[in-house]
Amino acid sequence: MITLSEIAHNIHVKLSGAITNETLLSITEMAIVGIILLGSLVMLSFFLGYMERKVAAFMQIRLGPNRVGPKGSLQIVADTVKLLFKEGLTPNASDKFLFNTAPYIMVITTMLVIAPIAYSSGFQIWDTSIGVLYVSSVSSVSVIGILMAGWSSNNKYSLLGAMRCGAQIVSYELSIGLSLIAIVVLTGSLRMSDIVMSQADGWWIFKGHIPVLIAFVIFIIASTAEINRAPFDLAEAESELTAGFHTEYSGMKFAMFLLAEYINLFIVCAMGATLFLGGWMPLHFGADNAFNHAMDYIPGFVWFFGKTFFLIFVIMWFRWTFPRLRIDQLLNLEWKYLLPISMINILLVTIIAIFGWHF
Amino acid sequence: MIEHNLLEPDMITEDGDFVINIGPQHPSTHGVLHLKVWLDGETVKKVEPHLGYIHRSIEKMCESLSYRQYIFSTSRMDYLSAHINNQACALAVEMGLGVEVPDRAKVIRTILAELTRLASHALWWGCMGLDLGAVTPFFYAFREREFINDIMEETCGARLTQNFIVPGGLMADIHPNFVPKTKELIKMFRANIDEYNQLLTGNVIFQQRTQNVGFLSKEAAISYGTSGPVARASGVSCDVRKHYPYDAYDRVQFKEILGTTGDSWERYVIRIDEMRESLSIIEQLIDNIPEGDIVAKTKQVIKLPKGEFYSRVETARGELGVLLVSDGGSTPYRVKFRSPNFSNLSALGHIAKGSKIGDLVAMMATLDLVIPDVDR
Amino acid sequence: MNAEELKQEILAFHPSVVFDEGGQFVNANIDAADVLTLLTELRNRPAFDFDYMFCLTCVDYKTHFTMFYHLRSLTHRHEMVVKAKIADVNAPAVDTVSHIWRTADFMEREVYDLFGVKFFRHPDLRRIFLDENWPGYPLRKNYEDPNMIEL
Amino acid sequence: MGLGSYISTVFSSVKSLLSGMKLTGYYFTHHKEIVTQQYPENKREGALILPERFRGEVTMPHDENNEHRCTGCQSCELSCPNGSIKIITKQEVQPDGKKKKAIDTWVYHLDMCTFCNLCIEACPTQAIVMGQEFEHSVFDKKKLKKILNKPDSKLKAGVE
């Protein structure tokens, strides 16, 4: 069976036959990877947009998009084309440089974060030794994009939304970090491939007893807040702040925020899937048995995307069920509930790791 | 001397305050309400409603319409309880004429009024969820509302602005499908209120958002002239159906649900309970619609005797009063609509002081404002 | 209190009040200059305790304006109407009652907006529906709108 | 806050959230509950049935001899609250030589109509009824001014 890593390897071999210069070779490969990445991210956000609409529709006893393309699947393409043709308005009194830069910062940070994610065995853009640290630090740059957008719009709603977002992301970074550390403590490595390989005899969520389960729940809640989705969408808060920090954006700049939101959604779910649900690792129990071999026949990227989309669905499920929190409750939830719980939790996880009590 | 003056000093507003204009085009003002809000960070210092964006001077218009015609225009005031508005107008004319409405018409009017109330409360419930950021309740609420609208459409010929009432009774008899469909609705709605509770009422986020915010004390509720569920949540017994029964309300048993605390949560719960009471009222009447005429004989051109006639009904939002001043002619000399929303809105500034901006939206939702009724 | 008792009680302390015969409510007619004292008494005396004002409006009778105050007592469950006659049609004015019933704040602003009746000591007397510089007062009988089309 | 109540708060909150998710999850998996219909497909499929009392527009039924029931009495015009009906009458010479008022044009301003049904109530000869048509959108506002009596139509014999 051909795996994704073999395909990548074959391409590399072919290219190195054609291009002998080392530097040129890596530049060419980078360009190829970049183009594939860009294309697939746009496709991904199209798909997530379609998925969100359909999930929302079925939960709200309606049909959802069904006119453009088969079962409405091309609706989001039509919307993108519409956004492309719309005028990208810049308000007169806005800070034009910041206003126009903010969407790009949002998109660029999210694209950077995609690098260390492992899609399949040996199929990874950049298997850095600080994978988890890299993801959690780079993804927090996106708050700067939001603050820039809110500040530069010269709109009071935008400003309120941006300030809310700043407070929210700074708070939730803490518990998202602590829940990531739980897995890092257990595996003893920040490298993504190591984390995945450590789950060859069972996913962490099964191996790690209740503390890892708690860390997983906290991770899901905190990451929902991190990417500004309902019930934590205070930065946008349609019924309060009309559209929050992107009130003044239109056309393609608005679409960029949307793109960034969906890629962020994908990233946090991919991280959750990698750290807690074994990434591309098939469902294994114990070391070597028939069940594990049967599971191995399903390719790794199917496992990876299956788990990721399951988590995405759960987050969408949240969005279409819950009302929004108030700003003080949002911060209460973090500082009074999630943070103390995850601090105690990290202690428990450390004890488990030291004594080797996990399976 | 009793101290009645509830004029508390406003929180001090300064020139440098963060002032935002919520509305007239804003997703949660449900129409064209314009609130000028002084903020201190996220905290509301002062709220000032600016009205008149949909003022059509219906009162002036009615002065040139005959007593048969002026009823239709009131459907456009509180469009969610259009039928009940029409009922109030017809009651004022009937009071002036001194005609007795046939029993059958009275009962049908009452059933239709309660259906309207159910539809209105269902819509309010959906919008309440929407204002708090949950989109899904809106669609569940519209499922029931559409069913009620279909019943209305079959009998009255229109879904929203029915105009089914004429002075002295009704325009037509009920449709043969009316009774079975209404019974079906009662069964369906009961089950769906449980769904409402499962989705929103029981939700901990929702409870946290509404409990202990937006207090309206009993004294303030009375002084601000609030009525309907808003006043009842503060413990003011003010149900017109109970205290001044009209049409067939004197022959049904129902509870007037009273709250104690008067916060947003209480206003929410009271409306949910009121839906159950409305269902029970319909249930009591639907099998006992008496036979007989549907309209009392009136002259084609109605002339009221000289004087003032005040009729009142309980709409989905509170007490609607119609003051007809007649000079003996065929058109009213002056019509005054005492609209419940106008008084309820005046309390908003009092309620919202010191709350968070997110709660201001929730409070507007629990006041259940319909702006065309405020502006008229 | 029933209607007769109400009339007797009011006449006992305010003899200048004239009551209408018949009608739906007890209708007390009084001059606009005295209305504030009467309404204050009606609100404050425990025997009356009219704590709920459910309607406040004005009617233009061409020769005079009449303010209508619809009052209800939620404790005693009795109701009455106070009609205050404003004789001056050119500059109608009356005392505010918005400090007694807070609901009167908005209702008086509405009357000021549509009838042009001034309310002394009102805390915030501005037009409520119309633009500040709207010409005329629409609900007056002599109001003419150049844009109005007669059907 | 004691530790016990802290933990029980956490659990009851999670339970209430899950019960809401159960409901949305139920509707997500049960597509039979979907209530929305496809317009205009539902017109073809027969799912869109308007009740007979539906007030779409005022119409004047004509029979096969191109005869209507309108005598031109103008009751409807008087009863209309917003002036959307204008009736132009003419004097018609009867066979017996007498002159009689008859209808010339029955002008209906659909753009002003609020479908309040008062004209139909007022009509003494049941000449007008409410039609079922509800798709009134046009590109030119002038098209909303309609003349209800067909050309060369006559008053039905016997209608007074």
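Order as written gives the chain letters A, B, C and D; numbering starts at 1 within each chain.
Note that in this section a residue touches a chain if its C-beta (ideal position, glycine included) is under 8 Å from a C-beta of that chain, and two chains touch if they have at least 3 such contacts.
Quick caveat, the model's predicted, so the values are computed rather than measured.
*Asks:* Steps needed, at minimum, to get from chain C to chain D via touching chains?
*Replies:* Counted as steps through touching chains, the separation is 2.
*Asks:* Please identify the chain with the largest separation between its CA centroid and the CA centroid of chain A.
*Replies:* Using the mean of the C-alpha atoms as each chain's centre, the farthest one from chain A is C.
*Asks:* Of the pairs B-D and A-D, which shows more C-beta pairs in contact?
*Replies:* When A-D is set beside B-D, the one with more contacts is B-D.
*Asks:* What is the distance, in whole Å, between the centres of chain B and chain C, each centre taken as the mean of its C-alpha atoms?
*Replies:* Centre separation, chain B to chain C: 24 Å.
*Asks:* Centroid of chain A to centroid of chain C, CA atoms only: how many Å?
*Replies:* So the centroids are 64 Å from each other.
*Asks:* Using mean CA coordinates as chain centres, what's the chain A-chain D distance in Å?
*Replies:* One centre to the other, that is 51 Å.
*Asks:* For chain B, which residues are shared contacts with two or more other chains?
*Replies:* 136, 143, 199-200, 203, 205
*Asks:* Which positions in chain C are in touch with at least two other chains?
*Replies:* none
*Asks:* By residue number and range, which residues of chain D touch two or more other chains?
*Replies:* 17, 20, 23-24, 35 - these are the residues of chain D that touch more than one other chain.
*Asks:* Between which chains does touch occur?
*Replies:* Result for touching pairs of chains: A-B, A-D, B-C, B-D.
*Asks:* For the complex, give me every residue of chain D touching chain A.
*Replies:* 10, 17, 20-21, 23-25, 27-28, 31, 33-36, 38
*Asks:* Quick one: in the complex, what on chain A touches chain D?
*Replies:* Listed in rising order, the residues are 55, 58-63, 66, 317-318, 320-322, 337.
*Asks:* In the complex of these two chains, what residues of chain B are touching chain A?
*Replies:* Chain B residues touching chain A: 18, 20, 26-28, 42, 129-136, 138-140, 143, 199-200, 203, 205-206, 208-209, 356-359, 361.
*Asks:* Which of the residues in chain B end up touching chain D in this complex?
*Replies:* Contacts found on chain B: 65, 68-70, 72-73, 136, 143, 146, 153-158, 161, 163, 166, 171-172, 175, 195, 198-200, 202-205, 300.
*Asks:* So in the complex, the part of chain B that touches chain C is made up of which residues?
*Replies:* Residue positions touching the partner: 1-2, 4-7, 51-52, 55, 57, 59-60, 95, 220, 222-227, 236-238, 243, 307-310, 312, 319, 321, 323, 325, 333-334, 336, 338, 342-343, 345-347, 350, 375.
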